[in-house]
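Presented sequentially are two complexes of subunit A, the first with subunit B as partner and the second with subunit C.
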Partner chain A sequence: MAVTFEIQARDLVKSFAGVAALDSVSVAVAKGELCGVVGADGAGKTTLLRCIAGLYRPDRGAVLPGRPGRDRVGFCPQGFHMYADLTVDENIDFFGSVYGLDRATLADRRGELLAFAGLGEHRARLAGNLSGGMQQKLTLICSVLHRPPILLLDEPTTGVDPLSRREFWQLVEVLHTSGSTIMMASAYFDEVERCQHVVFLHEGRVLADGSVDELAPSGSTLEATFRERMAEGNAATGPSAVSR
Partner chain B sequence: MSDRSGVGGGTAVPMTGAVGASNPRVGRRSGGSARRLRAITRKEFIQLGRDRRTVMLMVGMPLVLLLIFGYGIRLSVSNINAELVANNSPAVRTVLEQQHHFSVQPRVAKSVTAARNDLLEGRTSVAVIIGETGEPVKILVDGSDAFVAQNSLEYLRSLTATSGANPLIVDVLYNPTLRSADFMVPAEVGMIMLWVGTVATAIGVVREREQGTLEQLMMTPIRKLELMVGKILPYSALTVMIAIAITVLGLVLFHVPMRGNPFELLLFAIPYLVAALSIGLLVSTVAQNQRQAMQTAAFILLPQVLLSGALFPLSAIPWGIRWVSQMLPLTYFTPITRGMFLKGLGFSELWPQVSVLCAMAVIFTSLAALFFKTRLD
Partner chain C sequence: MSLAVTTRRLSKSFGDQVAVSDVSLEVNAGEVYGLIGPNGAGKTTFIRMLCGLFTPSSGEGTVLGFDIASERALIRERVGYMSQGFGLYGDLSVDENLRFYADIYGVRDPAYVAAVRARLGLEDVGRQVVADLATGLRQRCALAAVLVHRPQLVVLDEPTSGVDPVARDTMWQFVRDLANEGVTALVTTHVMPEAQRCDRLALLANSRLVAAGTPDELIVRSGLTIAAVDAAPWSEAFARLQARWPVAALYGTKVHIPVAGRGAEEASIRENLAGLTVKSITWQPPTMEDAFIALVDMASVPQG
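== the complex of A and B ==
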């Protein structure tokens, strides 16, 4: 069966003020796949996702088949980036409207997603007054209102309590099961272990790329393989900040 | 390990169904540009309504300025301290005090040395030395306050004129009493529109960047023009409302005349407003946070106020920097407001200024569109 790649990045190079954030990074994510990109802070995860989303123009290399249509991608950035001075409902209304959803569809999606996320009781609350976990769930809801085939998640659970993390993952798994192609950056190995496809990123380079079984054969762990590859790739690199 | 480094090859992943455009669950899309524009504008109005601090700043500051310029600051100084030196002269004293330009001290300074001492220590600003015959022979003016000194010299012309055989008649047109309010309120309308339009727009956009919501907006189908127009529409409405309020308060509180057609003024204000809002968008392209936006806006607005002729006459601006004045929208809007308020001018007289403002609106909007980025880098 021929593989259809939904996300393809080829030889991406991106520098900021002369410092390379990405150095010839190539990644391909098959349609319907859940892909985890793991690496320490500064590894280039956010830059990679932003290049794929079209928010950054790479210095070299290409994202194929080009900058994806904006209504084909949902982007859930690191941290809370919704309107803190709007209520949960108003945020959803706004993003639903700019994605062109009509009133009836928007109402359906809102009800469904709020129920999934357990935010139904908080619709009238200002987004800025929600807990960190709720804010992340609201960000995810607003990112998937238009049901994008591609979903990019940039460390969505960083700084979120364990219970909220689990609830957030339940949402992600529902989206994945329904067929979305998901690429998620994370600094947590236990999160990327849930993915079918894992990319190790270190100092702007891909250390390894494959399935969990391939990267962590029985008796080993993703973290152990990551550290091993990191040591091989760059002996001078200090201890990784990647955590379990 | 799978080769996923490029096109082709790789592990086959079973597809469980797409949630893409072909999926019926995507739902119905409605509207287009107009719907997105309405969504942004609505959001901005809601946010503006909740951002009381900004609204207070935008509404309160013009009000305070109006009161300061209307009641407080006088560009025409009155009751300047003056004294007679050596001899008394009721005639000179009367001339000096007749229009409250000077407040002449009852005592007479004994000598020129004493008068110089009074000037040095700030007890008087002007000392008129009176000769034996009661005629003024020499006048000493404290030049340390150039503003007071300039006014003094202007007022003293009437004294030198009345001292001759043929008194000089001075006839001031349009603002015969030289009231500051008549001069300032029309100019203030332009200054306030510039301030509110530029700062509010710049802060509105920069706040999106600062809070990271601009990144989210860039991922939506919103087009650059929709975002720009959607951001500035609410601030346009706010600016126009404040300008109208300032005009009405000027008419009611300070009895400033409105001899022109106010609707025509509103029409002429459109290109000026567009230019001001576009400057705000331009500021937002260089500022990374709200503090920087305020500082950059101040950096741009201060020269406008000083060099546009709104506060000081254009003739007082040195030739070396006069070219800067020619590039400022306020330089062209101030003659429009003053001309319409005080002289009842219309398009037939003001078309050159209106034309320049239209050209500026096009140029600044084009620049804003050019520099307004829909990427993060």
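== the complex of A and C ==
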């Protein structure tokens, strides 16, 4: 069966002030796949997502088949990036206009997405007054207003409590099962266990790439494998990335 | 065994808003004790009463043998409290922050402050401004700041929030080392694999104590087993199972369903998957997060 890759990055290199954030990173995510990218701060997760989204131009390497473009990608950045002094509705209006949605389309999607995220009764509240979990859900629905086939999520559940995390994942599952291709950066190993495809990123390199069963065979855990690969990488002197 | 913290029906309201209601618990000296619960459960208010920052509305408590209502000054001298967001001066250097904390606690022992700094691996960044440090280093600096006065109890409110996996692990190792030296730690966290590193846990929800015990005890108390269903095509299997069990979750291409015990509802699961290929159904213990959600859900069932 031929696999269609919706996201392909090949040999991406990106440095900031001489420091390599990405050092020859290649990843490929199949259409409809939920892919988790896990690593420490500074591993290059955010840089990778931004290169794929076309927000950064890599120094070398390429995102194939070319920059996906704004209408194909929904980008859910890390932290809270809504307008805190605007209401939930006003934020949705703003992002709808950024994506060039006409009034009727926006009205339809607003209703649908507010119900989807359980934010219907909060639409008149200032975004800055929402709980952390609700803010994350608002960020998510604003990033999918234009129904992008590709969704990039940068540590969306950092700092939220387990109940909000569960609710957020229920939304991700709906988007995933309806066919979106999703790449999520996370600092939590138990979270990427939910993904079909896991990428270990460490110091700008791919340490390993595969399914949870491949990376954590029974009796092992993703975290244990990550540490092993990290130790191997530190012991080796030459290029050490293991990639499929 | 001596007790580092005791509370009896401790309660706190702000106006007519109840933040903490009738919480009774005991923390042993030298224990790593975790406080978990949804946002707004009352964890921070509870901690602040112990540290003498809030006056209880009713109930009582002791910290290191001192009364939390009448002996606050004695408690503050002996407790290191690291608040959410770390409580450091971002525009001061690491050394200046440590000196500031040493001064307010009246510590006249620069050698000890230097030893704390070295222990947390901060020697090389002493002159760096805190705001410029990576989160992991900032977090270690915050821990150093609450240790300079040799506290017998450290209270850490979400010490690992926003910190990466490697730094989180380092933080927990420090906490465990302190406990081994007899310093009790009371820690809040939203990250359940971290909560499992505590000796015991208290789960708060809706301002009340819902459950207390070791992580394994709470997992058992949840009464759950996870049915991990491997069926093809997975998307159809997930859609059908979620329609029947709304709490079903997707893990890769497997569907996890919390059920009441090993083998429970297997017939029903298979029935719901009629016509699909069921490759396997395996039974596994719930995660701490599964147990957390189940215990909170049980507690929020309306009473009476």
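Operating definition for what follows: the second predicted complex is superposed on the first by the 234 of 244 C-alpha atoms of A that agree within 3 Å, B and C clash if a C-alpha of one lies under 4 Å from a C-alpha of the other, contacts with A are read in each partner's own complex, and residues count from 1 in each chain.
Methods note: a contact is a pair of C-beta atoms (placed from the backbone, for glycine too) under 8 Å apart; a residue touches a chain by one contact, two chains touch by 3 or more.
Here the structure is a predicted model, which is why all the values come from computation and not from measurement.
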First (subunit B), second (subunit C), both or neither touched by A:196 = both
Tell me which partner A:73 touches in the superposition: subunit B (first), subunit C (second), both or neither.
-> first
Does subunit B (first) or subunit C (second) touch A:30, or do both, or does neither?
-> first
Thinking of the overlay built on chain A, is A:140 touched by subunit B (first), by subunit C (second), by both, or by neither?
-> neither
Please indicate which partner A:49 is in contact with in the superposed arrangement: first for subunit B, second for subunit C, both, or neither.
-> neither
Using the superposition described at the top, determine whether subunit B or subunit C touches more residues of subunit A.
-> B
Is A:212 in contact with subunit B, with subunit C, with both, or with neither (first, second, both, neither)?
-> second
Between subunit B (first) and subunit C (second), which does A:149 come into contact with in this model arrangement: first, second, both, or neither?
-> first
Once the structures are superposed on A, label A:177 by its partner contacts, choosing first (subunit B), second (subunit C), both or neither.
-> both
Take the contacts of subunit A with subunit B and those with subunit C, and give the residues found in both.
-> 177, 196, 211
Enumerate the contact residues on subunit B facing subunit A in the complex.
-> 1-2, 4-7, 9-21, 23, 25-32, 35-36, 38-40, 42-43, 46-47, 50-51, 211-213, 215-222, 375-377
In their complex, what parts of subunit A are in touch with subunit C?
-> 34, 38-43, 131-133, 158-166, 169-170, 173, 176-177, 187-190, 193-196, 211-213, 223
The subunit C residues in contact with subunit A across the complex are 37-40, 134-136, 158, 161-167, 190-193, 235, 238-239, 242, 249-253, 287, 289, 292-293, 296
Would you tell me which residues of subunit A are touching subunit B in their complex?
-> 1-5, 8, 10, 16, 26-33, 50, 53-57, 64, 70-75, 77, 79-86, 90, 93-95, 97-105, 108-109, 142-143, 146-149, 175, 177-180, 196-197, 206, 208-211, 214-215
